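Chain naming follows the written order as A, B and C, and within any one chain the residues start at number 1.
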Amino acid sequence: MPLHKGRHLRPLWLAAVAFLTGCAQKGYWLAHPKGAIARTEWHTTILDVAVMGSVVLVAGGLVAAFLWRYRVGGKSRSYDPTFTASLVIEVLVWGVPLMIVGYLSYFSVKSVFATNPYNPLAVRRAVAREARMNGAFTRRADPAGVNAIDPAAHPMRPLRVDVVTTDWQWVFIYPKQGIATVDELVVPVRVPVKFDLTSTTVVNDFFIPQLVGEIDIMPGMRTKQGMIASRTGSYHGYSDDFSGGGFSWMGFATRVTRPAHFKDWVRRVQSAKDHLTDTRFTRVAQPTINLAQKIRHFSHVQKGLFDHIIEQVMEGRVYRTPLAMTESMTKPMKVRLIK
Amino acid sequence: MLVHYPGPWSPLLGRLALKEIPYQNPILVWTFVLVSCAALAIFAAITYHRAWGYLWREWLTSVDHKKIGVMYCLVGLVMFFRGFIDGVMMRTQQVMAVGPQSPGYLGALHGYLPPYHFGQIYSAHGTIMILFAITPILIGIMNIVVPLQVGARDMAYPYLNAVSFWLTASATALVMISLFVGDFSHAGWVGLSPLTELAYSPGVGVDYWIWAVQIGSVGTTLASINIIMTIIKLRAPGMTWTRMPIFCWTALSTSVVGLSSFPVFTAAVALLSLDRYAGTHFFTPGLGGNLMLYTDLFWIWGHPEVYYVILPAFGIISEIVPTFSEKPLFGYMTMAAASIAIGGVSWSVWLHHFFTMGAGPGVNSFFSIASMLVGIPTGVKVFNWAFTLYRGRIRFDLPMLWALGALVLLLTGGLSGMMLAMPAINYTVHNSVFVVAHFHNMLNVVGFAAIGGINFWFPKVFGFKLDERIGKRAFWFFSAGTVVLFGSMYALGFMGMPRRIDYIPFVSWRPLLMSEEAGIFLFLIAAYYMIKQMYVSIRDRAQHRVTGPDPWRTARSLEWLTHCPVPFYNFALLPHINSRDEWAWRRQNGLVNLRPDHYEDIHLPNNTFVPMLLGALAFGLGFGMVWRMYWLAGLSLLGIVVAVIARSFEPDSGHTIPGVRIREIEETLPEELDGMEPVADVAGGVVAFQARTAPRAPAQEP
Amino acid sequence: MSQEAYIKPAHAVLWQSHPPGHDVISTKTLGFWLYLLSDSMIVSSLFASYLVLNHRVNAAAGPTAGMVVHPVVAFFETVLLFSGILAYGFAMVGLKRGDKKAVLSGLASAIILAVGFLVIEGVDFAGLAGHGMVPERSGFLSAFYALVLYHGAHLVFAILWTLVMIVQVAREGFTENVVYRLLNLKLFWFFRKRFNNYTLPLIP
């Protein structure tokens, strides 16, 4: 007897079960979001998988059932080669996918706006929720509202971080604080963070799986991202778009701290001896593979450095990758390594 | 005008020098030794059997669509193997290079491949699999099947067909030679902009990629024109549009997609080469270039290209499923409409390949909905195949197994595809291995269908079947490999693992990487069985020989209305089409006699070596440009122009085979139709026939 | 059932009684139309690139569209180009009459006018280059030159083809092969006219 479909489907079922149980494990970062954006994205994923999964199950079940029932040697005696068209079925097979696509499109558009990197509604909603909770707390403590929070002093004011990728390191500039770091991102918890991103050389992709989705980083251009972290802790961020030889080592440590700790950290970095001027930056931006993601701190960042970097790239400044650092097989790899 | 690049240059050899040959690298040296041994063995065998003349006359200079199709498939299968070995190397590197403690060999910090070698391997894997493996195999199948299905003697332009093939072959040769002379690109099969710019990739790798894909895409564009014209102009009388086999519908749709999208790719790559050769600023980050322009142009081609490969696969499934269900295809008209619809929608979804570029929510919403729309005609196809099975008599022959495997994969691929079409989800998995798992899932649909198609039509072309028992083993190992490897890869996507990394920074990803390695091991076993299947079938071809026109006994469309193997003139007399499934109709009405009552002269085009010469010159042009030996490139270009003009002066009138000769050939061919079981056909109200005694026409009324 | 009308097997025609009339010219011409479709996709990609890069930012503080196109030069170029196409049209009228001489003189004048166009364009570009307006200057100039030089390359190719056709018409007369090539070449010349038509309004 020929092998039938059901047996072939079994590994798929096992894989699905493995997936569902697997997602409960810690390593599945996307399933354990720690920020408003990542959470919205994961919820959208669940919705989409549920809807599409049921359709796929129905279709797969239909195929499996037909294969079993109408196999040669099976019990069915209802062979009918004239069954080649049916208006009802045609309407159904066009109509049902259309309705599902319509349904998913609605959620897609909704979630696009919620996670729009330039103006994420999810962050605004998280801020509003936070404010409501603060407000409720304040009202309980202060029913008359006499000590209502001063918006100017409110910790919800977004933190601005400028992100520059080089070959193959991350430079995070905190313009307000006048500090910069290499391969380390520290942000306070429950405070919206606004990123401006650019690259000195090629396209990279900014990604912290548990906090925020991907956004491309392009040379001579500015992209934006917004996020808000809901839990303190250490997370992993890295580049997600191939950028050459050091790409695999292009990670950065992400720490979400309490606001007070963040202030301490800023003060500590502000006392760093290394200052980040344009000339210093040019040296930092030389092709380097930072193997262990060694962190460096800079204080006294030159005013407007981020815009300056973009302008220079637009005006034709090229941070060349030497021949020995590209795809060449015959030239020995000469890369500045930080071990 | 010409730009500067690092490194020396000489007028004679350009950038080429002895030290560009990577003989220090043991992997490449051993590959070279193996490849040379294989090549020497083949050469020796051909010489020993004195087959050079045969090879030259019957294959290399042939304009016969079947032979060109076979050569396409052969090139595709060889490159498929090469791409597969690349895949094995990548998987092995990734499982070896996990965590900072992992050891390094052969000069790599971790694993055995330094980043630049890994970059070349993943780029070669992608470029080869999509452009030089799957595409040639599908064009080969279309080349063989489409003229037979529409009832023609050859393609509309047999000579152009040979040119297309030789251009593809020379592009393939360019990719292969990059393995041993110089480097290949490290910027992916997509040519990541601006990484492909001279400032960031100063070697010759990207140039190899540029010229290989450029020459190959010209070949594919010409092949598309040919297939469209064959379908429009050469359909047999009586074959109205609605009687055309469904595979021809998909071939038509896919060729329209190919014809209209490949030129965009040509333009994008041409502008990129201007950047690299003439110092222009199309895609540079500075001085007014716009790197997203390249990304847009690339994907305006790139997305239609993936439908270019999926549509013929749908066509193959649509031919196999009815054959082994003993039923006509359910909803023929909607299937044709869905094929055209998929081709049409393919043009309006390209932006979903870079949802993360920071476009506004309106733009992303538009392309999200457009991408989801693809799910509708695809869903229709799945359901129509399901209802083709409904009330059928389903046999699980080898082609059917591959087709059903493709169907199951299409379901899972559709699920992940709908996820990727939602930007909010896409943001989390965009450049991760989730995407890699998704498109391997979908390309495996194509792979399954293509292997099914090869098994299905193999007896038609060669006159013997491929071994079923070994083939089934290959199928099960291939399926298991697909589930294990790409299932793990999907899971890794949820862990956030980026694609294209050669060093794995997080140890937590190791278990799934090992599972992927197990999957690739299953693929290796499948590959072994596939090669064994081919070998055993050819060795024991006498046992696998088929007689009569239809070895599957329940096939339906026109290509089965001629002998196996198909004689060089296809049909002794061109058939007149009476029904949608002409062969099934004739079989059910007892009209299976292959011998017409009279024979006529047949006019066929002459063999010519010019296409091969053009291929060789195109190779010279590409190789000269890669190494900047401008004299070689210039001479080759001149040679192409001269050859084309000289050919236009040659009065190629073809040759005529007299009807008497056709009768002689036909009478030597067996006309055994035994083993064909009577088929009760309720549709026609006509009952069984006796194959051996079937009269020519008319059939007895019941 | 959406199955088509059922043909009675007894009355069915199974084989073609005589070979199909092979219409070489229409097959070749339709195929050439398809080639033109693919070529127009390249042209539209170049137009798209030009439109994207015709922006102040992409001029990189260099010349903009208004500075590289001289309306008077463009006028004369257009006149020459269209006259060349008209000359080819006259050759086609000659073909219809079967007049070898008319065809040859039409083709020859088309070539002369096209060469005139190329000369003017060459002088124009030399002038631009003299002012430092070269393709390497900026993204805008790259796109500008790519567009006009692709047009120029078509013209060179058309001239070459027309030369070949002059020889073939003179040698072989109006054989089937020559006629379909003349018809395809006509399409090619007229295609360049469309190309030019779309170029003009883009350049301020």
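To be clear about the criterion, a residue touches a chain if its C-beta (ideal position, glycine included) is under 8 Å from a C-beta of that chain, and two chains touch if they have at least 3 such contacts.
This one's a predicted model, so the numbers in the text were calculated from it and none came from an experiment.
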Check: interface with higher C-beta contact count, B-C vs A-B, is A-B
Of all other chains, the one whose Cα centre sits farthest from chain A: C
Reported most central chain by Cα centroids is B
If you average the Cα atoms of chain A and of chain C to get two centres, how far apart are those centres in Å? 48
Report the inter-centroid distance (CA atoms only) between chain B and chain C in whole Å. 32
CA centre of chain A versus CA centre of chain B: separation in Å? 34
If I count partner chains per residue in chain C, which residues reach a count of at least 2? 2-3, 57, 60
Out of chain B, which residues touch more than one other chain, so two or more? 284, 286-287, 332-333, 683
Could you list the positions in chain A whose residues touch two or more of the other chains? 82, 84-85, 314-316
Chain B partner, complex, touching residues on chain A are 2-5, 8-9, 11-12, 15, 18-19, 22-23, 26-31, 38, 40-42, 44-45, 48-49, 52-53, 55-56, 59-60, 62-63, 66-67, 70-72, 76, 78-86, 89-90, 92-94, 96-98, 100-101, 104-105, 107-109, 111-118, 201-203, 205, 207, 209, 213-216, 218-221, 223-224, 236, 238-249, 251, 291-292, 313-323, 325-330, 333
Complex contacts: residues of chain C adjacent to chain B: 2-4, 6-7, 9-16, 18-20, 22-23, 26-27, 30-31, 34-35, 37-39, 41-42, 45-46, 48-49, 52-53, 57-60, 62, 135-143, 145-146, 160, 164, 168, 177, 181
Parts of chain B lying in touch with chain C, wherever the complex brings them together: 1, 156-157, 221, 225-226, 228-229, 232-233, 236-238, 242-243, 259-264, 266-268, 271, 274-275, 278-282, 284, 286-290, 293, 297, 300, 332-333, 573-576, 578-580, 586, 589-591, 596, 600-603, 641, 645, 648-649, 651, 683-684, 686, 696-699, 701
Can you list the chain C residues touching chain A in their complex? 1-3, 57, 60
Which residues of chain A touch chain C in the complex? 82, 84-85, 314-316
